[in-house]
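In the two assemblies presented below, chain A is common to both, partnered first by chain B and then by chain C.
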Partner chain A sequence: MYRWLDERLSLSRFNKKFLRKAFPVHHSFFLGEITMFAFITLVLTGIFLTFNYEPSSRLIKYMGRELPAAYASILYIDSLPFGAVLRSVHHWSANVMIAAAFLHMLRILVSGAYKKPREINWLLGLALLGLSVVTAFTGYSLPFDAFSVTATQIGYGIGASMPYIGEWVSQLIFGGEYPTLHSIPRVYSLHVLWFPLLLMALIGAHMLIMIKQKHTQPTYAKKVAPGKILGVPMMPQQGYMMGVLFLLYLAVVFFIGGSYIAHPVEAFGPPTASTPAVKPDWYFLWIYGILQIIPGDLKIPLPFGAAINSEFIGGVLVPGLLGIAAVLLPFLDTRKTKQRYMELPTRHPVRTSVTFALIAFLLTTTLAGWKQEFGFSNGQLWAIIIVGTLATYLTSYLILVSYWGKAPKGEAGELEEA
Partner chain B sequence: MYRNDTVLPFFGILFGVALWYMAYLDGLHIARLAGHQPEELSVGQLGLITFGIVFFLWGAIGYISAWLEGGELRPGREEAEGGAAPMVVVFVLALLLVGLSGLFVNAVLYGLTEGPVKSSFMGQLAAAILLVMTLLLVVYKKFFVDDEVLVEDEHSEVPW
Partner chain C sequence: MSKKTDTTRRAIVGATVGVGLGLGAISMLVPIGALKPKKEVTPETEPPKKGDVFVFAEGDKKGEEIAFDDLPKGGPFVLAFPKDPKTGVIKNGERNNMVLLIRLDPAELSAETAEYAADGTVAYSAICTHLGCTVSDWVADKGDLLCPCHKGIYDPRQGAKVIGGPPPRPLPALPLQVGGDKPVCAGGFTSPVGVVAGLEPQGGSCAV
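On to the complex of A and B.
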C-alpha cells in the first residue's frame, strides 16, 4: 500500500523533506502545544454540539416547560449519554486554551523569543490570544440561560461604549441590541464558523512561520552544535511526544469535565426579567475589576454627541493600551543579530520584573472584581493595585540583580550571524 | 531555559495541584461545612482549576519529556532497549484498555436504554481509558522506539 502511494505521491521524498525536521526539546515548548490540542478538542467536541444545538431564542415546549430553544437544546445535550461530559469538556477546553496561550506568551516574553526574526509570529500570537478570548465570549452566550444572558450583556455594554462606532460594532456582532431574536443565530454563526476559520488560518500561519524560523533553542545547544538546529526528528520522535501530550490532555480534561460540569444550565435556569448578580468569566474579571473601581458616572463629552465613559476606559482603553504595548514590544526591544537561543530570564532582570509586575497587575485587578464581596473601598483597591504592581516589580528586580547581576554583553543567543 | 530540566515541571505540578485545591477550598468544602450544596462553580473556581489543569499538564509532560528525551540532546542514534518486562507492561496495559473500553461502551448503552449515568462516572471512566493509552504510548516510546537526535542546518529548505 505504502509503495503504491509512494509511486504516485513521492511520499518518501515528503518524509525526507518535511518529517525529518529537527525539533529542539524543552518543556516550555509544550505550553504552545497544549494550546493547540485544546483548540483541536474544541473543534471535535464542537462538532458533536452542533449536531444537537438549536441556535434560536424562540420559545418552545420542552418536557412540559416553555423554554428558549437554545436553552432547551442544551438540556437535551445534557440528557444524552456522555453528552454533558462532552459539553463540559468543550467549556473547559475553551478555558484551557486561553490560559495556555497566555502562559505560552509569557514564556515567549521572559525568554526574549519575540525578537528578530520572530516579530511577525509574536504579533500573530497576540492576535490568536485576542481572537481566542472573543471566540470564547461568543460561545458563552449560546446556552441562553440567565447567567450567560447577563454576562453577555456586560460584554455588549463594553463594546457599545466605544465612542462613535461602539453601538454599530456591538449590533453587528449581536444582530441588534442584545438580546434580540437575531442575536443567537448571529453569534452562533460567528462562533462555529467564522471565528474558528480565522483561528485555523492564524494557527496555520503561526506554525508555518515557526517551522521556517525554527524554535529558539535551549542555551546548552550553543555548546553542542553552535549555529545549527539540535533536535529530535518530527517523525517519529516528536510525533510520539505530541501523541502522549494529546492523550494526557484529554485524560485530564475528561476527568475534570466529568467531575465538574463547567456550566450547569439547570442551576442557572432560563433567562428571566430580573437580572441575576453574575460576574463575567475569569479571563474578563480583571477588566470587570477595573470597571468596579472607576466611578460609574464618569463621562468625558466628545464632539457630535459622543462621550468617553467609564465602561470605555475600563473595558476598552486599559486593555487596548496593554495590547498596543505588546504590539510595539518587538520593535522597541530589538537586536541586530538573529535570536537563536532562549535568553535566561534571570539575566534580564528588567524584562522579567516587568512580566512579574504584569501578572501582579492582572491578579490585583481581578481581585477588584470581588469588591462588594470583600467590602473593599475604591481607595483601598487602587492602593492594592498600584502598590502591589510596583512592589512586585521592585522586589523581583532587586532579587534578580542581587543574585544574578545584570546581563553581560554577548549573553546566550547572541552568536554572530553565520 | 538552559536545558530540559525537571525543576520548573516540578513546580508546575505542585502549583497545578495547589490551584485545584484552592478552588476546592474556595467553594465546595467551605460551602459544605456551612451546610450548603452549590450546584455550580464560581468564576474564581473556574479560573483556578483552569490554570491548575495547564500547570499540571505542563509539569507532567515536562517530567515525561525529561525521562523519554533527556535533559540535553547529543547528536546520534541509539537503539531501543526492548526487553521482556516492558512487553509484559504493554500487554497488561492493553488488557486494561480493552476492559475499560468494554465498560465504557456498556455504560453508554445503559444510558441509552435505562436512563442517565452519572457524568462524573462517565468522565472519569473516559479519563482512565485515555490515561492507560497515554501510559501505553510512553512505555512504547521509551522501550521500543529508537532514539535519534539530528543536527540541522539553520537555512534548510523547509517549508520554503
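On to the complex of A and C.
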C-alpha cells in the first residue's frame, strides 16, 4: 500500500522534507502549538454550532416567549446533549487561543527571534494575533443576548469614531447602524467563513515559512553541537508529543468548559432597553480601562469638521500605535547575519525591560477597568499607569544590568555563525 | 522564428491579459458598492416627530403611554420610545429613537434646558455619545445620568452636559411640550444621535 502510494505521490520525498523536520526541545516552544490546538478545537466545535445556530435577530416565538431567533437558537443548542459544553468549550478555546498566541509572541520577542531571516513570520504572527482578536469579537455578537448586544454596540462605536471613514467601515462590517436586521447575517458570514479561512491561510503560511527557515535553536544547542541543528524529528517523536499535548489540551478545556459555562446566555437574558452590568473579556479589559479614563474634552480637530475624539484615542489610536511599533520592530532592531540561536533575555536588558514595561502597561490599564468598583479617579489611574510602566522598566533594567552586566557589542556567537 | 518576434508576441499577449484583468477589477467596484447597507425606513424606524407621545421601553408597563404622573419628581428617569398617536405605531425598530424622560424642578433647569422642557420634564437621547451604550443608570445622590459602559456622567439640568468620564459631547435633547396630562414631542433631536466622529455635530437628525 505504502509502496503503491509512494510510486505515485513520492511520499518518501515528502517524509524527508517535512516529517523529518527537527523540532528543538524547549519548554517555551509549545505555546504556538497550543494556539493551533485551540484553533482546531474552535473549528470543530464551531462546525457543531453552525449546524444549530440561526443567524437572525428577527423576533420569533420560542417556548412561549418572544425572542430574537439567534438567541432562541442558542437556548436550543444549550438544551442539546453536550450542547452547552461544546459551546462553552468553543468560547474557552477562543480565550486560550488569544492567550497562547500572546505568550508565544512574548517568547519570540524576548528571544529576539523576529530578526533576520524571520521578519516575515513575525509580521504573519502579528496578523494572526490581531485577526484572532477580531474573530473572537465577531463571535461575541452572535448569541444576541443583552451582554453581546452591548459589547457589539461598543465595537460599532469604536469603528464609527474613526475620522472620515469610521461610519462607512462600521456600517460595512455590521450591516448598517448596529443593531439592524442585517447585522447578524453579515457578522455571521465574517465569523464562520471569511475570518476562519483567512486564519487558515495565514497559519499555513506561518508553518511553511517556519519549516523552511527552521526554528531558532535554544542556546544549549550551541554548546552541545555548534553549527548543527539539534532537535527531535517531526515523526515520530514530536508527533507523539503533539498528540499527547492535544489530548491534554482537550481534557483541560473540556473540564473547564464543562464546569464553568462560558457566556451563560440564559442568565444574561435577551437584549434589554437598559445596559446590563457587563465587562468585556479579559483581553479587551485594557482597552476598556483606557476608554474610561480619557477625558471627553480631549479633542484634536481635523480639517472638514472631523475630529479625533476620546473614543478614537482609546479604542483605535493606542492599540494601533502598539501594533505599528510591533510591525516596525524587526526593521529597527536588526542584525546582519542570519539568526540561528535564541538570544538570552538577560543579554538584552533594554528589550527585556521594554517587554516587562509593556506587560505592566497592560496590567495597569486593565486595573483602570475597575475604576468605579475601586473608586479611583482618572488622575490616580493615570499616575498608576505611567509610574507603574516606567518603574517596571527602570527596575527591570537596573536588575538586569547589575546582575548580568551590559550587553556585549555583538551577540556572542554571531561571529562564528557568519 | 527570431527571438525578437517571440518577445513581441509575449508582450502583446501579456498586455491583452493585463488590460482585461484591469478592466475586470475596475468593474468589480460596482458590486463592492453594494456592500454598503441600505437604510430602510419603516413606520417603526422613523425618527420621533412633533406630536408623538412616549411609551415605556421596558418593565411591567412596557408599551404603555407615559403621563406626567408616571414620572417621579426629581428622578430617576424612565426609558421610553416615541409612539405615533394617529397610527398607534411604537417607533422601537430603531435603537437611536430611545429617549430618557426625567421630571425635574423647573427652577433648577438652565435657560437652554428650560426651552426644551415641558412642565419641568425633559427628554434626552438615551444613546451615549461616547460609544453608543444606553445611558441607563441613575446617580441618586447627585441626580445625574450615568452610562454604565465607560462611566460617562451627564447633568440633566444643564442640557445633559458631560460632567465626568469620556463622552465627547452632551446627549442630544428632544424638545417637549405639554399635551394634556402627557409630555409630547415638540420637534426633532437637537443634534445627531449616537457616536459621531465629527468635532461639532450640527443640526438635527430628523424633520420637525
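Miscellaneous remarks
Keep in mind that, in the parts below, the second predicted complex is superposed on the first by the 407 of 418 C-alpha atoms of A that agree within 3 Å, B and C clash if a C-alpha of one lies under 4 Å from a C-alpha of the other, contacts with A are read in each partner's own complex, and residues count from 1 in each chain.
Assume a residue touches a chain if its C-beta (ideal position, glycine included) is under 8 Å from a C-beta of that chain, and two chains touch if they have at least 3 such contacts.
Computed from a predicted structure; not experimentally measured.
With chain A as the common reference for superposition, the partners chain B and chain C occupy compatible, non-clashing space. Taking the C-alpha centre of chain A as the vertex, the lines to the centres of chain B and chain C open to an angle of 130 degrees, rounded to the nearest 10. In the superposition on chain A, A:F39 makes contact with neither chain B nor chain C. Of the two partner chains placed around the shared chain by superposition, neither chain B nor chain C is touched by A:W286. Shared-chain residue A:A160: touches chain C; no touch with chain B. Looking at the shared chain after the overlay, A:S28 reaches chain B, while chain C stays out of its contact range. When the shared chain is aligned, no partner comes close enough to touch A:Y140: not chain B, not chain C. By the touch criterion defined above, A:A221 lies against chain B but remains apart from chain C after alignment on the C-alpha atoms of chain A. Among chain B and chain C, the chain that touches a larger number of residues in chain A is B. Contact with chain C, but none with chain B, is seen for A:S310 once the two complexes are overlaid on the shared chain. After overlaying the two complexes on the shared chain, residue contacts for A:M241 are found with chain B alone; chain C is out of touch.
After superposing the two complexes on chain A, the shortest C-alpha to C-alpha distance between chain B and chain C comes to 13 Å. Applying the stated touch rule to the two superposed structures, the chain B and chain C interfaces on chain A have no residue in common. Only residues 1-5, 8-9, 39-41, 43-44, 46-47, 49-51, 53-54, 56-58, 60-62, 64-66, 68-70, 72-75, 107-108, 110-112, 116-117, 119-124, 126-128, 130-131, 133-134, 137-138, 140-141, 145, 147-154, 156-160 of chain B touch chain A when the two sit together in their complex. Interface of chain A with chain C (complex): residues 150, 153-154, 156-158, 160-164, 166-168, 171-172, 175-177, 179-180, 182, 186, 272-275, 277, 288, 291-297, 299, 301-302, 305-307, 309-312, 314-315, 371-372.
By the touch criterion stated above, chain C contacts chain A in their complex at residues 35-39, 57-58, 79, 95-96, 98, 126, 130-137, 147-152, 162, 165-169, 194-200. Across the complex, chain B is touched by residues 17-18, 20-22, 24-28, 30-31, 34, 79-82, 84-85, 88-89, 92, 95-96, 98-100, 103, 111, 208, 211-212, 214, 218-221, 224-225, 227-233, 236-237, 240-241, 243-245, 247-264, 266-268, 279-283, 285, 340, 342-345, 366, 370, 418 of chain A.
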